[in-house]
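In what comes next, chain A is part of two complexes: it sits with chain B in the first one and with chain C in the second one.
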Partner chain A sequence: MASVADLKEKHAAATASVNSLRERLRQRREMLLDTDVARYSKVQGRAPVSFNPTDLVCCRTLQGHSGKVYSLDWTPEKNWIVSASQDGRLIVWNALTSQKTHAIKLHCPWVMTCAFAPNGQSVACGGLDSACSIFNLNSQADRDGNMPVSRILTGHKGYVSSCQYVPDQETRLITSSGDQTCVLWDVTTGQRISIFGGEFPSGHTADVQSVSINSSNTNMFVSGSCDATVRLWDIRIASRAVRTYHGHEGDVNSVKFFPDGHRFGTGSEDGTCRLFDMRTGHQLQVYSREPDRNDNELPAVTSIAFSISGRLLFAGYSNGDCYVWDTLLAEVVLNLGNLQNSHDGRISCLGMSSDGSALCTGSWDKNLKVRTFKKRLFPFTTS
Partner chain B sequence: MAAMAAAPRPKSPPASPDPCGRHRLQLAVDALHREIGFLEGEISAIEGVHAASRCCKEVDEFVGRNPDPFITIQSEKRSNDQSQQFLKKIRAKSCLSYLSWICCCGAGGCSPFHQVKTTMRPPPAKNSCCCSCSGGGGVQLRKLCSSSSCFCCCGCGGCQCRVASAGCCGGGGCCGCGGGCPRCSSCGGCPSCCSDACCARRCCLCL
Partner chain C sequence: MRGEANGGEDLGQPRGEDREHDEEGEERQNGGAAHQRQPQAQRPAARPSSGQQPQHNPTPPVTMRNVGYVGKHRLSAAIARLDQELQSLQEELNELETMEPASTACQDVITSTGGKPDPLLPITSGPENSSWDRWFQRVRSSRSNKWWASRGSDFS
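And now, the complex of A and B:
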């Protein structure tokens, strides 16, 4: 049995090795970063995107929550949205008509995330109760008018920060948690299929804030954490992360796969969004806003979404701004937060409809807003 | 009188290893050794990794290929019209450039050699072509295939010089150009067989 003195010596030697290897890896990566997306696209003569302030129309304001909106999700096919709020409710909206189809009172009001099942028949939510609750939207309300919960997924040892159904699989759901893990669940049995991180090595070392599943390859998902990293996971191999992506200097609040399935975007407490290449690990672009005149700290990025082509990156910030970035040229083309009829508070969540025609934003001002491109108002002109 | 017994003195606790501290230290060392293993794996994996420019190219091409409900043709074309006028001027200058290897390409993509300005010296080889594989009508030389057995193929992975029997198009589902590969004229609805949209679906030979 090694003595404490031996172990201390081994610890020091191993720490030195780790630092040296990290430096070698960093230098090798730096050599491979011969350009970024903006420099490349400019050389290619890529024309900039330009928007007039009136091009993105707020065609629907969804009012009904009595507390901050924390999360939203679109159905994969219909134009329905589910939102979760500090008021302890989930509301399901018809985004075309603004009508509320369901208002679900939650057992635990401290909800942080919600998601629609692929078939649009169920919704999931989670929060400070450290559990994920599933509601079947076809269920009958009880005598008090409350919708019964159809399943509660318990097992996390910390708050549930984010949840997403595996695309095209009604029975599989991935959650992220303040207990530093992500979990893949079987919704029908309530069982944990796999745990990503935690006791095992190469897991996150701080709260996990966000997950995004690759719709091109649903075996892969990425998670963003307060340890300032993003990790790529293969759901078939829970024992270790496939890759870890460094670069951010603060909590990674939001991760989203790029439409091509080979890249993903991130939004962070450090005020930047970044684009990473999944397979190589390269950081392809940083989207960094200019500091304000008073040189205050940059507002945090709370949530991101890509347009369907990937040309636009929508980023919500903690000060109420919602920048529309040209992903290829790394330029801001519009600030939705400056437009008429914009939110009055922090934008906490963003979501793009599955056909890419509408963007929904949720805010601490208790509202959700649906925006489309002016020349493509259909089907939102019909109501 | 018996001497008074000495006052009891508390005994020092027995010297013993601190199991909790030792255990934590062992766990920390184990974790570091695992981290070393992962880092060594990453370092050897990165040896085979291509540069970021290839990823940037893929991003640029993917975005350029796909329509977006939030972006109309007008919102780009307005800028494009102006930049195209500018580029035409640049092209004209380039084609008269002393750099004989610069050639002019049409906005439709790969152009056969005869579109190269004849004022250039030396004249390009018969089976050479200029390819603009970005789909945006950029003016850049891509490839001159000097061998008489080469064809210039554009699209998918970029411009390549290939012998007739070798694979024509780069990755993304293109098949080989040998045998029954359709010629450009039969690419069916594609504006140019050297455009990515065409080569992604069928094999083309750039004539």
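And now, the complex of A and C:
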């Protein structure tokens, strides 16, 4: 083997080449950013969305957790929500009636994420135990009233930060982890089908915080990481990321596909949300709040969701704000954190019902709230 | 829960920090589909270079403390990774030669938002779906009233 000195020299040269190529890439990309969504929309004369403060009413407050709410997920079909909390429990709610249908005490109380299976019969959760536990909601509770785990997915070497079932596939689930990888699991066997990242050079270089599967093409998913990037993966090709998206200046806490399946949104510790084009990699828009008068650090974005058309981007922040962004004009049109009946703490998670009629927010104030558009007195008009 | 911004009050594992200390452990062999921790030497090269530098840099500056076999092995692995990254960066640069500008995608975004009726918009393309108003229907309360929470809503 070459001497250490030779290797060091080679390493330095390779590092310099990589940095120089990255810089060329960055400049070339900048030249291709001839506009952004907001400027383009304004040129087209698009009118901003206009809300009255009372338009998005809080129609349900789901109370029952005795600790901070960390994660929530809706069923695709029914009006059920599963939530995970610092109190070490999952609760399944019928959001229409506000009733709890299940309260599941977890073996490991340090839960960070939960998800509903596509058929609504199972829920998954994961956290500091580095595993993902699956519960069949039709199981009988044991003598102590505890619901048995139907499967535990082990293999991650770090916390499970996020999990999502592959749409229309009860048997497959994708997790993201503090071990810098994402994993595709077969829930029926408990086996890892594929590992994305880790030993491969195109994987994330820090904890992965969030995943979002493309519902228009379920072979593709994106992951957001503390390495400030988002990566696009094809589940059929685990060996390398399809693309890496740069732009954020801090941990990417949340990623969500845009409804058309060709773009995705992100939310970051740097206080901004961004919209990226999946195929080209272009950063199409930055959603950046005004700094406050005292020029304090911007609050972090904890979680995002799009309305069903994509026209609205909901973003929860670490200071309790919940901005509603007009996606096209990049303007804040409402702050759900500043209304009557808002949460009393940080919004940690957001989710849209499958028909887009309701937004659920979960908070460190231990509650979940469901918001919908106020009852319409007049027929809808065409836009 | 997820990092510095939460005020450190929670049970969250310190992110990335356990890796900084784990120099000697990096060479351990794991069975199955184990991943190797990326050598610290490579980390600076892996930082995104587009736009401004990231505000916080969890990895310390690179110093080569191990000059024995372990150091050589790790250096070689780092060089191999850098070479692979160079290749993939070059591929991306080639792609950009013929890539359309952002305005094309911007037009697509605008078009797609007009596509679906959106219950949360004040004005949206029809048709109206009456199930959107199910949240306003009176719901029969059950005996187990303690989960009933309509008092937490904006209307009762």
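Quick notes
Everything that follows uses one rule, which is that the second predicted complex is superposed on the first by the 375 of 383 C-alpha atoms of A that agree within 3 Å, B and C clash if a C-alpha of one lies under 4 Å from a C-alpha of the other, contacts with A are read in each partner's own complex, and residues count from 1 in each chain.
Everything below uses one rule, namely that a contact is a pair of C-beta atoms (placed from the backbone, for glycine too) under 8 Å apart; a residue touches a chain by one contact, two chains touch by 3 or more.
Values in this document were obtained by computation on a predicted structure and should not be read as measured data.
Bringing the complexes onto one copy of chain A puts chain B in a clash with chain C. More chain A residues lie in contact with C than with the other chain of the pair chain B and chain C. In the superposition on chain A, contact of A:V211 is made with neither chain B nor chain C. In the superposition on chain A, A:L72 makes contact with neither chain B nor chain C. In the overlay built on the shared chain, the residue A:L137 is in contact with neither chain B nor chain C. Residue contacts after overlaying the shared chain place A:P48 against chain B, while chain C stays out of touching range. When both complexes are overlaid on chain A, the residue A:C114 reaches neither chain B nor chain C. In the overlay built on the shared chain, the residue A:Q63 is in contact with chain C alone; chain B does not reach it. Touch criterion not met for A:A84: it reaches neither chain B nor chain C. After superposition on chain A, the stretch of chain C that runs into chain B among 2-10, 20-28, 56-64 or 74-82 is 74-82. Put simply, chain A uses residues 2, 4, 7-8, 10-11, 14-15, 17-18, 21-22, 24-25, 28-29, 32-37, 40-41, 44, 46, 49-51, 55-56, 201-202, 240, 243, 258-260, 262-263, 275, 277, 280-282, 284, 307-312, 327-328, 355-357, 359, 372-373, 375-376 to touch chain B in one complex and chain C in the other.
Note for the complex: chain A touches chain B at residues 2, 4, 7-8, 10-11, 14-15, 17-18, 21-22, 24-25, 28-29, 32-37, 39-41, 44-51, 55-56, 201-202, 240, 243, 258-260, 262-263, 275, 277, 280-282, 284, 307-312, 327-328, 355-357, 359, 372-373, 375-376.
Residue ranges on chain C touching chain A, taken from their complex, read 1-6, 10-13, 15-16, 32-36, 38, 41, 43-46, 48-56, 58, 64, 67, 71-72, 75-76, 78-79, 81-86, 88-90, 92-93, 96, 99-103, 105-110, 112-129, 131-136, 139-140, 142, 144, 147-155.
Those residues of chain B that touch chain A in the complex are listed here as 17-18, 21-22, 25-26, 28-29, 31-36, 38-40, 42-43, 46-47, 49-53, 55-60, 62-64, 66-72, 75-76, 78-80, 83, 87, 134, 136, 138.
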